[in-house]
């Protein structure tokens, strides 16, 4: 079978070489396990500094689904639920992992993957104004992704409003940052890690899709969630024996800007393809400035493209065209981005 | 505080006197517990006969929420989900009890509380046609209520179509019959217990809202669900110590037609009020022929009514009117039904 | 099959007639559901008064397994465990219901069903002194039964010591009082409801085995456990629709001493049989002064007895004899107790 | 703080250099995720060949706790329990992770960490002979570790007997092979992968403690457990995004004998220390021929040793001595083993 060029996701390759080099360099150094070694300690310090807050609990977990379920399990009492946008990753891509911890996900319909402060407020009203309160699950944690599954971003003012309503309604705000770097590096972005830290009770800085072999770094500002987080991690199988592997990678990614650098690159590669698509008049299912593109392509072109490229089919648009997801990443080469851009112009 | 006349639900009173008499009569007879006594055995036989099938497993459980969660827990493997109409009782009225057993409820938008065979088929297509099947929960059980939360009924042909698609897609069909009698006794009904038994893998005959002190009788035709049902009941706290209380009540309700007789009465009481509302031109949020009415009433009238009657507020309709739920039951007196009918005509 | 006289458990009959009379008397009075009616309110007041504390949360639940799992689910965070004696009902008789809520039961070996303050303290030491604390479940709730499964009782000083160690180690103390009355009415008893209320964070006053049709009354002194208890009850299917049935029964049992009166009677019936057994030199597996007897009987006698009586086989003692459990209750007649006593003397 | 020489566990270092080389070599090759890439496929084939069975389902999971909980969750229905030796890793080292999936662990007391076929048979008798079967959890899966937590091994005949009783009693046999290589390479070992495959319904080949950065390879022979294993993995957060990392490592470990070679080395390093301890007359808490030593050391010597070495304190033996665990691994240098051996002889 012919090898295709991958634009199907942002984790088609291994890790950035600098991370591998560091793993090799430290390979035979002896450490204790479970996140208590000097490499993890270093990563914790680097992250606290970037977040502008020394009083944070940091934990690193292998993957996103495991991270989401641990955070939510640690945060909620039995009768409490999560508010999530209708296309939230926990709702549509994680095989019921949140429900498997015993909690309902209550859906807020979103625009371009985003929800608003007033939707959250309204959901709380529905619960708290209801006489039969005992029959409903209690909203307690708001789950958002930033960037969203559609690559869109919350503006600073939107995040602030969401954070404010969460404080007002006694809700936790949890941001899934699987692609946080691609968001922070985007043209339209007006937030930063310090702001996000202040807004959220807990969020994570994604590594899996951002240049690491694996790993997500959870940043917990809220002390109630932080309490006993480690035994709950262990109970869920989320405490990596050789925790050092996570510490080494996150330190390398974050200590001197590599993380943002790689994110800038991915967004630039996306922009090459986006410009090409715009030039030839292709419409987008959703507009954004990050690393995921959602063009609406004629089916005939799709067939041509699929000979050389691996893309992700998102959904049918109309009888003759479909929404496609094209993902660039830290590892996308300029050569491949240009080749896809050229082929798109050729076929369309 | 002035005592109001209750139309807020169908369980505002105790039990039909015949059931109480039987409880008193048998009170000092010694039996073993947990559903293995002669009274339970008698109820099992009565139910099998009514359902026209000797090869059924029958179990009686105190309440509906407990019944629903036990059935679903017994039926599903970890990654499997329930398909439910958007206003399904398990989704909106049971405090996340299904999710607490670890399972997601996937919502199908319904019309008047009902879902269709083609919606179920489509949901299966979405799952089974998806490449990323591992990221989605697997539809395995279809939950319907009959009558629905809106008092509407599935026609025989509709139920047959749903049953057929469930068999085709290897899904369990589970009918929540909390108000099954009110459905079977309705004017528009064209089904019966034998037909329902053949259509469903499992369903329950409601007692709580139909004249018993408490109790729902689960009828299981599917042998896979039946296996080990009793230890799972016990694990969930659903095995009543003095199971005899359930056996005695269901035998009395079902052995000679009392169940249907009481249901006919409740529907007749509803019809008195319905006719009155129609006479004065009140519109209904949803039309049905069972014991729950959903008139759209001007707020001014509501205020008047609420001095004498306890009704259930369902939701705002427009600036000046609201949807109200009026419930009659086996215990509603003709006097009270006529009084409410008359007051409605007076106020409107 | 010949009907045998039941000594197999303390729930072989229905309810004390006074409770039935009250149910009949109030049967057609209309109330709202779920424990918020005047009958429940009355029971709450009666119980608070008996417990000598107005600041308690009272809830009534149909059965013991459901009660135990709800209390423990409401009390624990995910990584926390229960400390229980090795023959604790939750450990050996409830089909893994506690584990089904996600929590481990850590066993303390007991003498005659009882555990001691120092055992609890030691278990805490094992946890808190361990470096690898993250790999162990955290003791957080101590579960005891009083009287125990063996009918034995904690002395006032023992309970005080357990309560003290729980406070010192930040543990909840939970007493399963399925047979609390039989304990309070026992000759050797030196505790009362007020003392128990002060000792425990939460306990329950059993109804199922003490003269009610069904029902256990949970008394919660600890405000952390009390918070959100009702939605968690509902989630577990433990909120009875016609909650009034519980209120009516507990009010009747507790308002004027019926509960203790019935317990005194049961213990007296046990004493008739106990005296007889002692007279003829039968040894006991465990000694107590409550309603459960554990004589060690020769197998030959067992065979004779089992023609007329239904007893509970507990376990083999040696090649020729077995430990048997004989239970009396509020409903045991003096006639039957005397008959069994006489037959024992005749056969032995 | 002075850096100590580690003998505290078998995962104090990174990975064997050959695995790292392979990760680097393949780093920029594009693949799809979640275990469906060519590297995983290659590992699956290598493992099937070693196990002598083409009809196996293989899955690779990051860590042991996650593996154990996924296997058990996939295997059991709600009311079923695990039989485990009293020092089973799932019982004493995984923070209640099995209970968190809803299942009880029933303990069989073991000798040197091992349980016997007749103990298993007896546990089944206790369940199946009991009238009150509905109140007990049903034994369904036997969990053993091989080598055990004490480094001891099951002989071929013992494993065969356990496997036979499991088949007879309709139980799954699951072997936790976290240190399987150290067992297979041991002097006293008389089993191999093919035999283990035939004996077990499911087992895993440990990578974390055996030279990999991370990873355990689950081998499933039983088709019932295999069904839907992948969505359950995903639900538990156990499906690694870049599954390739597991495939690459296991292929490298297993394709040409590296796995056993490293295990032989670790056992040899342990033997150096063991011989030394024996020479000076130190007794062992438990005897074995694998990589974990449990000498009983005088406390005075411990103090000396702890200046240079990091060991694991297991438990107090008597007033003046303690049981210590010394672990060697694939990464232990001959220099360090000799140094510890010499120091032991010097101090004792």
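Think of it as A, B, C and D in the order they're written, each chain with its own count starting at 1.
As a convention for this text, a contact is a pair of C-beta atoms (placed from the backbone, for glycine too) under 8 Å apart; a residue touches a chain by one contact, two chains touch by 3 or more.
A quick note: this is a predicted structure, and the numbers were derived from the prediction, not measured.
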item: Between chain B and chain D, the fewest steps along chains that touch one another; value: 1
item: Copies chain C and chain D touch via same or different residues, half shared test; value: same
item: Between chain C and chain D, centroid-to-centroid distance (C-alpha), Å; value: 42
item: Centroid spacing, where centroids are CA-atom means, of chain A and chain D in whole angstrom; value: 34
item: In chain C, residues with contacts to at least two other chains; value: 78-79, 94-96, 100, 102, 134-137, 231-232, 234-235, 239
item: Chain A - residues contacting chain D, complex; value: 3, 5-6, 8-9, 11-15, 17, 20, 23-24, 26-33, 62-70, 94-97, 100, 208-209, 213-214, 231-232, 234-242, 244-245, 310, 331
item: Contacting residues of chain C [partner chain D, same complex]; value: 78-79, 81, 92-96, 99-105, 132, 134-137
item: Parts of chain D lying in touch with chain B, wherever the complex brings them together; value: 34, 73-74, 77-79, 102, 133-138, 228, 230-235, 239
